[in-house]
Amino acid sequence: MDIIIIGMLLGGAYALMAMGLQLQYGVARIMNLANGEMLVAGSFAAFWIFTGYQYSPVLSIVIVAPLAFGANWLIYKIFMRPLVKRAKSEGQLEVDSILSTFGQSFILVGLMLALFGGEYFSYSYLEEPFEIMGEAYELNRIIAFLFSAVLCGSLYFWLNRTRLGLTFRAVSVNAEAAGLVGINVPRAAALAFGIGGAVTASGGALLSMFLTFDASVGVIFTMKALVIVIMGGVRDIRGTILIAFVLGLAETAVASLIDPGLTLAAAYFLFIIILLFRPEGLFGRRSV
Amino acid sequence: MRRRYYGGRRRWEFVGMTRRELYGLLTGIIIFALASLLPLVNTGYGLSLGVTIAMYTVLSTSWALFSGPTHYISLATAAFFGLGMYVVGGGLEMYPFPILILIAAGVGAVLAGFIGIATLRLSGVYFVIFTLGLAELIRQLVTWGQTTLGTSSGLYVLTNIDEKMIYWQLLVLAAFVYLIGWWINRSKLGFALRIIGNDEKVAAHSGINTALVKVLLFMVSGSIAAVTGALLAPRWTYIEPTIAFSPMLSFLVVIMALIGGAHRLWGPVLGVVPFALVWDLITAKFPNQTALMLGIAFLLIVYAIPHGFIGLGEKYWAKYKVWRDRA
Amino acid sequence: MNKFSFHKPLITGVAIAAMAVSISAVSAETIKIGASAPKTGPLAGGSTVSYWPNVKLWVEQVNARGGIKLKSGKAKIELIEYDDRTNPGEAIKNIQRLATQDKVDFILAPYGTGFNLATAPIFAKFNYPLITHTAITDKIDVLTKRYPNIFFTLGSTTAFSVSVVNILKKMRADGKIGSRVAMVNVADAFGIEMANAARPVFKKEGFEIVYDKSYPLGSPDLSPVIRGAKASKPDAFVAWSYPPDTFGLTAQAKVQGLNVKAYYTAVATAFPAFGGKFGKAAEGILGAGGINPDEAAMKKYFAAHRKVTGKTPDYWASGMVYATFQILEKAIEGVGTKDRKAVINYIKNNAFKTVMGPIKFKNQNNEKFWTVGQWQGGKFYGVSSTGRPGAKSINAKPKW
Amino acid sequence: MTEVTALSIQNVSKNFGGLVAVDQMTFDVMEHEVVGLIGPNGSGKTTMLNLISGFLKLSSGQVGVFGKSITGRSANRIARRGIARTFQLVRMLPSMTVRENVAAGGVFGYQRYWGVELDRRTNFVIEQVGLGGKDAMPVVALTYIDQKRVELARALISDPQLILLDEWLAGLNPKEMEIGIKLINELRFEGRTLIIVEHYMDAIRSLCDRCIVMNSGAKIAEGSPHEVLSDPEVVRAYLGDNDA
């Protein structure tokens, strides 16, 4: 039982890491290698707000999210849009966005290093036991999980039930066709990129409650998020959410039942198995 | 070896080579001869930089052998490289160094064969992330294996091979890579690859066993990366999985190749040399803002030179030709 | 949009940054010292706590004194520093550059075992003394034979693991704990070597290892590890851990109430951030390293460190790093010239007074070092060493 | 005409999920015969060609070439057995010249050339399809009909036993159409075995020895062009039920 709970908590954390990237890749078609740095930036913001002003990291989202949205929207407008315009094919855009966001990730690391220094950051907030069925769990993880669940739910609802959400899904399925039916694709892409960045940074703020981080740690989050998004199928947020939880459960199960040394190996093993049998990800649609 | 089929202007030939190919070969020999003199001129810092450049030249060029024509972006370089290192690290007490190099080549090729077969159905970004994930899987397994089976030693590579030797070995490997690349380009295999890169369906309908060609090339590329890792192991003295299998290596190799231009054999080296020099200049001049400066330099390159240095060169070459024809 | 308009801010950025780089003033007599360690990458978190502040502190202090005393007069230090980005290839290049391009007089040892070993051949080739401060290895014999210029100060893996076992043995003898030990390690060379060295010693001393697992570097959730350890009902918990997981394990142990009388985590337990994060809960936690923070020299060092860098040093590596700089300084002054071979010989044959206490190398190895420390009353005291005086007595860890 | 079966299709079906695109097709093509495969849009003609060439895997049934089974073989092995094709939407190799595009078909196909022989053979088919003098051009610079010519030359160069032309004439203007029909006619007099999918009935009438009519994935008629085009069921299939 506690394997399931721990797994779910971890899955919630993974969902926070990956959902933003899913929006950015799925809708805006940018494979954002600076995703992890954006997450760490959120962590730094939360750390700074918590240690400097004693505001809860959870509340800090109110500031972090709009700032991150603005920053990512600008990044898209300034850096990504010219690439989208000049790309002749999807493959070309992929290559260009890998190169560009790789450079951006360096810049972000450099900025955070200059602002905060290179040491490890960790603080205690709500690091208290919370009992579920006689077993203790970290309260801050549970809060992060609840937030993650709310975020997943509302994103899913929003994508499916609102006009803008529908626009996003249309762009994600077929950008060209979406353009033909009168959707402003560049605008939708910029918005999606911004929202994705906001989700990622908010995730970073929440994760900072229980993960030790430093300025150069972002690449680890980026890799995790990439793997989750790809496993789920790049065009469907359901896949990302589901995989985040599957991965959380699988890693915990392996760690508890087999050997903690194989946790990450198990995650990548699962990744490879899924891609071998479903080359377009779990929720991917095969294009014929 | 048979002559290439589309001669066109075969006015002048020398053992089946066109004049242009012969000039290319001579230039190559001269460059290699000059490069091999480096350790005699400078055994310090210049040589270090030379080793770095030679290493990335080999890795990027062999990466581009496969990824250039097929457009499959592989991020598995670190997996091969790291395995090569571990072959040397683990086997140094049992086998002589040259044998270990051969083993590394074999291990690299076998692994690449498996990856190749496994990824036949993948395309685009799925292939990219698959290779990244696989490299991580291998690193995790090696780490775990080292924990459960390993002794405390075996990770130290204490040899008498100095930097000079490593540099020359890398140069020989680089020459080998160029020869293989050149041979592939003028063989049926290379022609098949170019067709696959253009349109895989057409390739299949022209009778090309696309799967076989891709897997073969990937094996060549992986094997070379493994040998590179094996050659460099003595330089690093002490091997850890985090460092031997660093994903950053895979990214850098791809990026240098793309900056140069992956669709020509001599493209990647045009990326490696300026990249390594700029990288180095930044490390030297901005010790506290290295990451920031690298990022900025990077973006400048991406936005100012959209198609790599080769693309830039070809653009001006085309302009020059128009101008020449008009004149 | 104009194709080039977005370049402008970038170029401005480069220009500003270029101006921001300070140019060291060159006085008449200087001594050039080089330093290369990570400022970015996986090891940057450690080196920015233990390494870089000490470089700054030492250089400022020496220059405030007017420089290093040579026969020809005082020479101020001109520092040249590089970021190796936690990449051995880069580290090798940096050391080469320092030796052959910058032609520095001396080079401070790099940060981390792997980096010291990777660059050792270059130090040897150009006769630079390599006084390591953050290299732990069991190959000290082989390496000192191979490189006549290398010095080890931090001790060997075996010494570290043996002293942990000894502490547990002592606590058992005092009736504080039983014989059940849960041991975990980070699946990295350091953790693996430590665990492999400790395992037979535990067995020999009659301890029962009831839980023995490794976890990968960078595991995001360590609760299964703690849960497994807790389920094995240990009397003592030993983790051969690295910085991020030292924090993660302890947070989990606290939340899940892993109450053992002896709780040990390795690297980063001595970091001020550890005490800062866990506060009172850190009380009684054992960790790698340690110093005697109540010693006068150490107190002075702490105060200076805080004043110059604005940061508290950690209770282990920081002092050691600083001590190696002191050794270098005194050796140069002892020789009175920049003659590197003479300096190496001087280091081999003399004793040095440092913040860590007196250090004398025997076969290029310092045999007196702190191995285990414990958080007591908000400070991290050395409780076990291989011949250092002033070890505090060991307390049983209170409940969380 | 010698009665050798070049291609035999037996009970071939293809479904995509629940949708049956090709339903129990059975027909033969004799050597040196030109067969038209016609039917309204969406009747499964192109799918049928794709099944023969190995572009798609068939769900059930048998395919044989000159008495040997190629059922379930991959496209490259089918190509090596002597089946070459053109595509409904022209597929060029954009980074290559006309010459290389054509040569691509002659290195790994039914007849395999290399070196001087390939040079000679490439020259020959380039002349044959009327691309003489354009062989060094990049294919992207070609007119539409010239691109179609490149595809035809690429199919012809390996001297295949059977050529599948998928709406090769579609999209050409009347003048080009005339040239195109002439070209195919020449192939016919050369004695080549062809399967032509085409909408343009005049072309079918003048080029084909025999026609097979498909509707909703199934064969509804077979015979000479004249016969099938006057068959009431065929007319109904083309015009819809109401008009019949």
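Going in written order, the chains are labelled A, B, C and D, and every chain counts its residues from 1.
By definition in this document, contacts are C-beta pairs under 8 Å (C-beta built on N, C-alpha and C of every residue); 3 or more make two chains touch, one makes a residue touch a chain.
Keep in mind that this is a model prediction, so the values were computed, not measured.
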item	value
Number of steps on the shortest touching-chain route linking chain A and chain D	2
Most distant chain from chain A by Cα centroid	D
Chain pair with the higher count of C-beta pairs in contact (B-D, B-C)	B-C
Geometric centre distance via CA averages, chain D-chain C, whole Å	74
Separation of chain A from chain C, taking each centre as the mean of its C-alpha atoms, in whole Å	34
Distance from chain D to chain B - Cα centre to Cα centre, in angstrom	42
Shared interface positions of chain B, touching two or more other chains	140, 143-144, 147-148, 248, 288-293, 296, 299, 303
Multi-chain contact residues (two or more partners), chain D	none
Two or more partner chains touched - positions in chain C	6, 39-40, 42, 86, 187, 214, 216
Pairwise chain contacts under the document criterion	A-B, A-C, B-C, B-D
Complex interface listing, chain C residues touching chain B	6-7, 10, 13-14, 17, 20-21, 39-40, 42, 81-83, 85-90, 92-94, 96-97, 99-101, 113-114, 117-118, 120-121, 126, 138-139, 142, 146, 157, 185, 187-189, 191-193, 195-197, 214, 216-217
Contact footprint of chain C on chain A as seen in their complex	2-3, 6, 9-10, 13-14, 78-79, 81-82, 109-110, 113, 117-124, 127-129, 136-139, 210-212, 214-217, 220, 224, 251-252, 255-256, 259-261, 263-265
Chain A-facing residues of chain C, complex	1, 3, 6, 38-42, 44-49, 52, 86, 184, 187, 213-216, 218-225, 227-228, 243-244, 247-248, 251-252, 254-257, 268, 271, 273, 276-279
Chain A - residues contacting chain B, complex	25, 31, 33, 79, 82, 86, 90-91, 94-96, 98-100, 102-111, 113-114, 216, 219, 223, 226-227, 230, 234, 259, 261-262, 264-265, 268-269, 271-272, 275-276, 279-281
Of chain B, residues touching chain D in the complex	2-8, 188, 191-192, 194-195, 197-199, 201-210, 263
